[in-house]
Every structure is written in C-alpha cells, then in structure tokens.
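Pasting the structures here.
Okay, so chain A shows up in both of these, paired with chain B first and chain C after.
Showing the complex of A and B:
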C-alpha cells in the first residue's frame, strides 16, 4: 500500500511540474483532503515538488480589498496582460462561506478567463470555511503546488481585517485594492488594522474626482517604506474597464519580485510563512498541549528554523508523532 | 333576445406563439392557424437566431429549430411568409438582441412582395433589458444594446409609423419570480430607461417624441391570483398615464394609453396532472379581459402541455379555442368596466401603486434600471422573491393542486399513446437547415455582402442609425451570424450578474433541510473535503430560474457551489468541473437540446480525463429521452414534477456517495 502511494505521489508531482491540468486538479483535491491517510500522501507530494529549492523565478501574488472595489475585474485585466507576455497564470479565489450551513457560492471564473480555450489559465475557487483567520488553511500548500505549474499564482480574497494580515504574510507581493470614496482603507492603515501591503491600488479610476481624492489620501498616509524594508509602497490608479494603468501595475508587481530576488529575501520570506503555517496548523489540531509535547514553542520553532530538509515532511512527521502520543 | 340588438366590443387580437423546425414548416403552421380563425401572427425564433448565430455555428448545435424557427437570411424570411401578404398581416416578433436585424429582414421581404414598408403593422419585442434579468438572450453590454433598441424605435416612428417598436416586458419578470409590485416597478423603470435613451439620442424631434411614447406597448404576464392580477393591470394603466404626462409632458390622452399584449403565466403550469393547466390558463385569461378599461389588446395562451415538451398543432388549437369561447360565446364583451366603483378593487390598486412607486424610487436613486442591472441589484431581488415562492411551495403554504396537494390521480388518457402527448421535432430539420444555409451562402454576391457589412460596421462605430445599413445587409444576403458578429466586434459581448449571491432567507431551517445538511456535512467528512457542486447551463437557453434556485438551495444545504450563469459550452463546463474539483455536475437545459449537449459534455469530460464525475440534469426532458440518457451514463433526471428541492438535494448526495463507493444513507 505504502509503495503504491509513493508511486502515485511521484507520478503526480512529475505531471504537475509539466503543467498537466488533470494532475494539477487531482493534486489540489489531494491537498484539500482532510483524511489522515491522504494527508501523508499530500506531504509526500509537497516534498517531491522540492518547495525549498525551486520556484525562485515564480511569483506568488495576493490581491485583496473590500467587496465592490473591483478586484475580480482587475484580476481579469492583469491576467490578460500576463497572458500577452506569455506567462502562465494559476488563480486561487477565496470566497466566504456561510457560518450556518457551511455552504458557499464560489468564484467569478468566467470574468477571469481571457479565452475559454486558453490552457494558460487555471482557476480553483476555495471557500474560507470559517477557519485560519479567514483564509482557508489549504491556501498555502495549494499555492505551492500551483507555483510548480505556473509562472504566476494569484490569490484573490475579499474583506478587510484579519484576512489581509494573512495574505500579506503568505504572498511574495500583496496588492490592496481600495474602494474609491471610502475613507476606510486610510483609517484601517493608520489604525494598524490593515497590514501594510506592498502595492496599493485605487481601481475605478474612471470615477474621477472621488478616485483622485482617495489616491491623494492614500499617498500621504503611505509616504514611507514598507516595514519589510527596502521597498517604498507605490500607490497606483487603474481602471479595469478601460484597462488604464493595468500594464504599469503588472510592471510594478514585477519590480517587487525583482527587488525580493536581488535582496535575496524571496525564499526566506516563503520559508518564514511556511514555518508560521506549520506552527498555526499544529496549534489548531493539537492545541498548546501538543506544542508542549514537542518540547515547547521555542524549541519547536528553533528546530524548524534549523531544518534544511523539506519542512512539509517535517510537519507530517510531527503530526504522526503527536497522533501516537 | 337577438344578438344583433346588443352592442359588443371588438375582441382582442388572438395569437398563438409558434414556430419550429424550419421556415417552410412554420409557414405551413401559420397558414393553418390563420385558417382556423387566428387573427395575428406571433413568431417564435429559435435560440441561435435570437442570440445572433447562424445554424451551423458550434454553439447552435442541437438548438436549431427547437424553440422556434431558424432564420439565417432573407431566403428563410421569405419562405416563412410565403403566401402570407404582409400588408394584411399583424405580426408580432419575439426578438430582442437581434431585433433590428429581423425587422430589416421583414422590411426586405415586404419589398420583395411589392408591399410598401411604411404600411407594415406589427410588433418587435425589442426589450433587451429584461433579457439580462430573465430569459437571457442578450448579446452585447447594456449600453450598446439600449442604443440598438432606440435606433429601431427612432427608425420606425419615422418610416413604419404603425409599427410597435418596443414591447416592454413584465412577462419574463414574473417568470423569474417577480411579485406584482416588482413587475410594475421594473417594467415601468424599463420604459423610462428606453424613453430617456431615445430622448438623449437626439434622433427624434420633440413632437415625434410624443409619438414614440404613444407607440410604446407592453407585454404582460397574468398569474393564477387573477383578482390581484386584474388590479395590477389597472395599476399599470394609471401609473403609465401619470408617468407619460408628468415625466414626458404628453398631453394627448390617446398617446398615454397603456397598450398591452399578454401571454399568461407559464411558471405555474405543472407537469403532474397537466390537464389542470387548462383551467389555470382560462382563469389567468380572465385577469386580462374582465376589466374593460384595462383589457389586453392581444392575447396568446400557452398550451396545456408546455411543461411536458413542445405542443402539437392540436394543443395550440385548443388554446385558441379557449379565447374564442370567452370572446364570442360569453357576454363579457357586452359590458362596460365591471369593477368601476368597487372599493375592494380600488384599495388593492392603490396598495400596488404605492409599493411600485417606492421600488421605482429605489431604482432611480441607484442610478436607474440599466445601472441596477449592471450592479445585479434587480436580479438579486428577483432571485430572492423566487426563492421565497419555492419555499412556500415546499412548506405547503402555497398550494399547487396535483403537486403539493391532491397528488393522487387516475391515469390520464391525454398523455397516453405513442407521442406521450407532445410534439417531436423532426431530427432531419437541423440537417436540412444546414444544407440550405450552405447553398444560400455560396450563391450570393460576395462583394455586395462585404460592402453591406462595412456600412453596418461604420454605422455601429459612428453612431448613425443602425436600421438603414441593416436593411441593406438583408437585401444583400448577409446572414444572422454575420450581422451579429460585426456588432460583437464593435460592441463586445456581455455576461450579466447571476443574482444568486443573496443572503440566506431568514427563519429557521425546516426539519427536512436540517436532515439534508447533516448528510451533506457527513458525506463531506467521509470524502475528506466539503461537497462541491457545479451547476451548468450549456447551450443557448437563457432560462436560468431553475439553475439559480438549485444553486441557492444547495448553498443553504451546505454544498460549495460553482455557478457561472448561462450560455456555457460543454468544453467550459467540463473544464470548470475539473479545475474546481467538484463531486457532481448538475446541468439545466430547457430548450430541448439536451440529447446533443449531454453527449458533448460526456465527450469533453472523457477527453480531459474527468469522466468519473457524475452528471445529473434538470429541465423539460420527455420521459423517453430521460430513459435513453440514463442508459448512457447520466445519473439522474429532474423535471418540473420534482418540486421537492430537499428531495433533489438528497438524491444528489446519494449519487455522490454511490460514485465513491460509500453506502447510500437511508
């Protein structure tokens, strides 16, 4: 049994790296699966994709902002620009789920497809499933699998508050799309509710004066470096309806990726999130008692930092260890 | 008492909405209907014609000649009216996105018959706004669509003065779930949007503008609550009179008259005990005839077996005879308005007017109807109302005889027999249409076609009236697909909001829903992740009510739903199912093209390696077709008979469990 599982994971990893859509879909299903036996397979798969070594030239981008800011149309416009530049794009769209039934209405897929015959775009919708600070816990491993198959992976989330904090840590580059005419963004930024994004966008530039005022407010509120350092947060205006500013936004997003690579902060950044995710996941599953059993938070985190091997495998072995106790 | 001594009103225009297979077959049908005493024609076009595709376009596969007649070019239009002199005919055409084109063809055929176009009489539905809310045969974004609408209006007012250029439709709003108040509010808001656009276009002088107002007519629905419906029509008349006077300054009372035609409600027609639909239709007809001051100008009735499939000529004759009995046998037309002075009716009318005014103000404050369509506001309101209706049927609060009460029945002789009581479209019709289209295409003057299309493109770009170059295209042998494609290139295509993102209805879940929720949750846990369902509407059919209601219900039952609206190709559906990792695909098809479309979806799923995803269908599916589909791997067929939505949900859970080798829950 174990033998054949290994084989399945190996075949799947190879096919995903080749950009096979069917394999990618199966891999995402696998990562979404909460059954214990499947979880080990998922860990195998992630390890085989050699998360820590590769995907340096790939880019994980988060787009977030309040409802009605025009995120979906902006994503669509960006995807169209990237496709013209010959880049393959994977999308993870996160939608809220109903707290009562658990049900959810997913996605805005059609708007994001440049052409339905285009094999260069792959969209998977996820529901927040009320856990992990609003972002589905599966987003991180799924984005890793998508990075194996696509040049650009785009994560779209809705809302203000905790979710932005999450997406800001998870992605290489975070864009916040502000709603013109709403002072909320500025207030949230000042109050520290909103994690400072790498790029701020005022979409719906066609709204005229209202958009210009929001733009000015954000520029003055954010006239400083990003807390990550070495990056001055640009504030851009776009219009997804007329496509104005979308090319420049794509350029700025690319610049940020270049900055991360030259400063050699891209991979440490991803690794940092990976550790954060593992920590949070184990806490959720086993509580602080679980972390104590592993020698306490400090020791446990230090171990993860030191680990030069694959962190996902390390995570899975910690789970097994805790399940045995 | 001799009949001669009593002064009777002239009866309304009697029509039957019809057309199928081919221009020739429909022509036969029209001539038969006219010889049986029908006094006007009502043309049903097939979906490719309505959405601007030639019969051989890939999206047209399976749809040609199904819900109406295919018209690709002037040859088809000529055959459709063969031996029917257009100067003596009053023709209503249910056509919207491609209305300027079909009118252009009609004008060109008149020319060929030697009829002066300025004498033509009839109606183009030409109300594209409601297509975004219901019915779904829009093509372009709202703004250029409204421009086409106004071009047709401006042209006919000047050149075909007796034509009704626009039939503002509240009909389809009711089919999409609208309450009487919503019907009043959104239909009148539509009329405002159209008239404002005509005014803003600057194509019509101040004087002629009053003519335009006078030529606006309405297409209204009448449901089974016929007292309320009568009141609704009285409210319509009063509000229209007031609106045209106050907003547009029309002084001539004749130009302020609320003129309307009717097709009675199809939403309430049932598949079980379908003979009951006859009394439903008759009662609904009373709503639009009883009150003389708000009586319909033209009536078309559905056939008793619409929920089963396509009606046969005999079924249509029966529908016509219902009208004739009411108009000619009864004493209805001998009296003045029966409700004048009734306090009860007056109170109800005032209540409806107040509610409608409030909703119209809400629409206006949000920027008018076009904006409210783009933001999805109106669509969500309609989905919400329809959801409430379904909920009331489910709880038994809303009684439907033979569906949620008095379900027992003796065997019906009406649906017995080989045909099972419906019409079968000849499978060869589509093939013959394709052959004749290819023949027509290769026998025309290409340079002339090119020149005409360039004129059309130029007008589309620079904003001059679209009708003259369209008529030139019609004369030159341009096809429906070519005409529409030029405009697609200039205007772009559009997808309307689906409206299903409504908040769950308030009030607790019923016991049945709680049970379903538990089984959805449990099965999700057993399969490792929450159950996901893709709801797809393949083909050109835009009737999305059913798909929307299933989507909303499934969300409430705990499914994660992927629903992307209407007009998807089998390729798009298969691919979305794979990318989204769904456990089940639910398709909704009402146009009769289920055999071809399901076949295509199975092929696509196999091609991309996802043949293991189970597929079910909901729609108007005749029993023989259902058996065939089930044998070929389809997992379930749901028809209008299946009103129990919780039952549909549990059935889907069972299918998913079976597909994954889990024990089916009892």
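Showing the complex of A and C:
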C-alpha cells in the first residue's frame, strides 16, 4: 500500500513537472483535501517536487492593489507579454472571502481576457478564508506545485492590510497596483500599514493629470530602498488598454528576479516563508500551547532552520507528534 | 489567601465603578499580566464589573479610518461636545504594531488636543499585536473595565481590513472617517472588503469640492440599511477645526445607541462579541485541535451560548481544562 502510494506521488510529481494540466489539477485538489492519508500523500508530492528541483529559475510574482485599480486587465496584458517571450504562466487568483457586493471574481475576470486555447496558461481561482492573514493557507503549497510546472506563477489578490502583507512575504516579487487619484494607498504606505511592494504600478488608463499626480505622490513617498535591501522601489506607469508600459513592467519584474538570484536571496527567502508557513499552520491547529509542547517558539524555529530534510514532511511529523499528546 | 484576593477584586471593582483613575489604571494593568494568579484575579474583576451592572446606558464607540483622515482631531472635538453634555469619556487608542515611518501615536496626538486637567477624560494607548485581527486581544476586557467607569468609551484605531472589521464587531457603534478625495475607501466599501460602519464621516476641513465629491460618492455607495438591520447608514460631513457638524455627529451616535437599546440588541450584541472573543482566544492558545478536545466548535459554541454564568470565568475554567490535557 505504502509503496503504491509512493509510486502514485512520484508519477504525479513527474507529470506536474512536465506541465501536464490534468496532473496539475489533481495535485491542486490533493492539497485541498484534509483527510489524513491524502495529507501525507500531498506532503510526499511536495517533497518530491522540491527535491527534484528548487525552481531557482522560476518566478513567483504577486499582484495586489485595491478593487478597481485594473489588476486583472494588467495581469492579462503581462501574460500576453510573457507568452510572446515563450514563458509558461500559471495564475492563482485569490478572492476575498465574502464580497458583499461583488462583480466578477478575479479569476473569471482574467479568464475572459486571456486566450482559452493557450496551453501555456493555467488559471486557478480560490477564495481566501481562515486565519491565514486573510489568505487561504493552501496558497503556499499550491504555489510550489505551480512553480514545478510553469516558468512564472502569478498570484493576483485584492490587497488590504494583512492579506496584502502575506502576499508580500510569500512571493519573490510583489507589485502593488495603485488606483489613480486615490489617497489611501499613499497614506497607508507612508504610515507603514501597507507592506512596501517591490514594484509600484499606476495603471493610468486615460486619466492624464490625476494619474500623473498619483505617480508623483508615490514616487516621493517611496523614494527609498526596499526594506529587503539592495533594491530601489520603482514606480511605473502602465496602460493595460493601450499596452503602454507593460513590456517595461515585465522587464522590471525580471530585473528583480535577477537581483534576487545574483544576491543569492531567492531560495533563502522561499525557505524563510516555508518556515513561517509551518509555524503559522501549527499555531492554527495547536495554538501557542502546542508550540510550547514542542519546546517553545525559539527552540522550535531553530530546529526548523537547521532541518536539512524536506520541510513539508517535517511539518507532517510534528503534527502527528502533537496529535498524540 | 483566596478570601483576601476576593476582597481585593471587590474593592477594585467598586473603585473602578466610581471612576477612580488610579484604580482604573491598576485594573487595566492587571489585564495585561499573563501570570496565572493575576489572570484569575482579572477574570474575577471582570465578572464583578459585569454582574454589578450591564452598562446598558453606557456606549462603546469605535472611530476608524485611514491615517491622515483627521481622526484624532475629530475625537478631540467629539470629546469636548460630550464633556459639555456632562458625560465622562474613556479612550483606548490602538496603534498599528510596527509603523515604519510613524508620526505621533494616536493616543499622544489626542492627548495634545484635550485638556490635561479634565478629570472626566481618561486616555490609554496600546499597540495592536498578536493574531487578534490586528487588534490587541486585551482591547475587549479593557473596554469592559472602562465601561464600568465612563459613560462613553471611545476606541480609536487606524482601519485597514481585518483590524477595522474587528473594531466594527467589538463596538456598539462604529464610525468610519473617510479621507476626502480618496478613492480606495469607496472602492473597498463597494467591494465589501471594508466592514460597513454604522456612521460614515467625511472630515472635510477646508477642502470644498473634493470633500463634496467624496461625500456624494459615499452617499451613493452606502445608500442602504446596515447589515445589522434597522439602521440606515448616515454619511455626515464635519470640520473638526471649525467644529461644524460635530454636535450633529454626537447626536447621530447617540441615536444609534438609542436604536440599539430600543431594539434590545445592545446587550445581545456585546454578549455575541464576548463569545467570539473567548472562541478566538482559545483558538490562539490551543488551536482547532483544542476546540476539538472541547467537543468541537458547534458543541463548544452552543455551551457558551447557554451559559448563564459569567463568561470570563467560564473561559478561565476552559483554559484550565485544556492545560491538563
């Protein structure tokens, strides 16, 4: 039984890595399933995907910003630039949990704007829920699976406070799309309430003066290095309808990826998020009391950092340990 | 020992209820202390305060909104209106945990604008931290203590996403102060990302047209009943510098309190929050696994709802039970 499970995971991992769409869909569904046996299968799959390759050349990009800023249109424009460059793109569209009045979901909106027949684009919607800073806890493992199959994985979400902060930690590169003429984003950024993105975009459309003023405000508010270090936050103007500036945005996104790999901070950054994710998941399931049982936060985190084995499997073994208490 | 502890709690409860400032300060410090013996003393104090009176005539008011909207100035103006009406006012100023670039803290800003010698105003600052939707977990018990000593308890915080949602659940009445000329608030409200406040304020200062446009946008976006029911969300204009509209705002806040007491929803609302608070605290400490140990979420919540005894003491007994597992 165990052996055939291993075989299933290995086959699935291989198919996902080759970009097989139906394998990808199965793998994503696996991550959403909470039954014990499925959970350990999923952990194994994630371990296999991570061991096979560390996805150093792949890029996990977050696009966030207020509703109405034109994120979906911009994502569609970016995707068509990447496709022209021969890159395969996976998208996770994360919607806020309970929109009172809604409009179309992010994923649906994006689907309408991209070609249905393009095999190099894969879009998955999921609704955010749970405690995970307003982001669904599955976003991280799903990102790992998508990175195995695509050159670029794009996470689109509506950014407010905690959700936006979590996206900024999870992704290699975060772009914040500001709404022209709005003051809140600038105020929030200045007050340190919004996480500082790596790239700021004003999607100006045809708004002329208003967009120019917003651009100037953001440039003066963000005229500094990113807190991550060695990166000055660029503020770009784009028009998703005329495509102006979209190529440059794709270039700047790529530059940030290069900067991360050159500074050798890409993989440590992902590993840091993985540890944060495990910590947060265990807190959700077992609380601060559970972490105490594992020897306290400090010891627990130090052990995770030392761990050379796969962290997803380590996480499953900690869960089993705590369940027996 | 137990008896003298009881006596201390009873004396403290009595002094707090009489509005004794130093007793109030001691009581608030007690709530911040995590040592086991202090915790049970604090639970006892909260029980005494709640049993003595249910604060039906007192009003817990939240003021939230983006930085720069003029919340502190407006709070100061409201406080002076309430003082003229002979009401005693307690303030909890909750600051976001780690402002990168800051400016003065909310509480300090408010202190500068109110009279130092007025014995009928009490201001306490605390920084938000922890998982509690970005709000400090102590805000609720502190509110209960403050309600014992003041006619009005005002909670001022910078609202973004989860923090703002939690304030809206915790307070009897929530006012959102919008920034004139900003589009994000309107967008967020429309998209259902911001919790709908009971009262919307545009603090217009001298901004003329911009403020008028924001006012019109908000009025059309919020032309509906509050999801709580039986309350149409008013959108008011104030100028905290000239005091225009501040008396009317105080009247509308009072009307909402009257509506809640007439509809007999004030106390059930507070009790609902208290149950939510206990659930959330236990999740933080013991995780979903801990709630399972108490028989699962459904059974656990049903038991809390049936409970006729004091909920703070019930909470402490659940904690003890889970610590023994």
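Going forward, the second predicted complex is superposed on the first by the 306 of 325 C-alpha atoms of A that agree within 3 Å, B and C clash if a C-alpha of one lies under 4 Å from a C-alpha of the other, contacts with A are read in each partner's own complex, and residues count from 1 in each chain.
Definition applied: contacts are C-beta pairs under 8 Å (C-beta built on N, C-alpha and C of every residue); 3 or more make two chains touch, one makes a residue touch a chain.
What you see is a predicted model, and the numbers here were worked out from it, not measured in a lab.
Trainee: What is the contact status of A:86 with respect to chain B (first) and chain C (second): first, second, both, or neither?
Mentor: The answer is neither, since A:86 touches no partner chain.
Trainee: Touch test for A:229: chain B only (first), chain C only (second), both, or neither?
Mentor: After superposing on A, A:229 lies clear of both chain B and chain C.
Trainee: Does the superposition put A:106 against chain B (first), chain C (second), both, or neither?
Mentor: first
Trainee: Taking the superposition on A as described, I'd like to know which of chain B and chain C A:122 touches: first, second, both or neither.
Mentor: Only chain B; A:122 stays clear of chain C.
Trainee: State whether chain B or chain C is in contact with more residues of chain A in the superposed arrangement.
Mentor: More residues of chain A are touched by C.
Trainee: Look at A:33 in the shared chain and tell me whether it touches chain B only, chain C only, both, or neither; answer first, second, both or neither.
Mentor: Touch partner of A:33: chain B, not chain C.
Trainee: Between chain B and chain C, whom does A:22 touch in the aligned arrangement: first, second, both, or neither?
Mentor: A:22 contacts chain B only, not chain C.
Trainee: Following superposition on chain A, which residues of chain A contact chain B and also contact chain C?
Mentor: Dual-contact residues (chain A): 98, 100-103.
Trainee: Which residues of chain C touch chain A once you look at their complex with the stated criterion?
Mentor: So the residues of chain C in touch with chain A come to 66-69, 96, 98-103, 131, 134, 158, 160-163, 179, 181-185, 187-188, 190-194, 196, 227, 282-290, 322-323, 325.
Trainee: Considering the complex alone, what residue numbers of chain A touch chain B?
Mentor: It comes out as residues 21-22, 25, 28-29, 32-35, 38, 97-98, 100-107, 109-111, 116-117, 122-125, 127, 129.
Trainee: Touching residues of chain B toward chain A in the complex: what are they?
Mentor: 495, 500-501, 504, 517, 520-521, 525, 527-530, 532, 551, 554-565, 569, 571-572, 575-576, 578-581, 608-610
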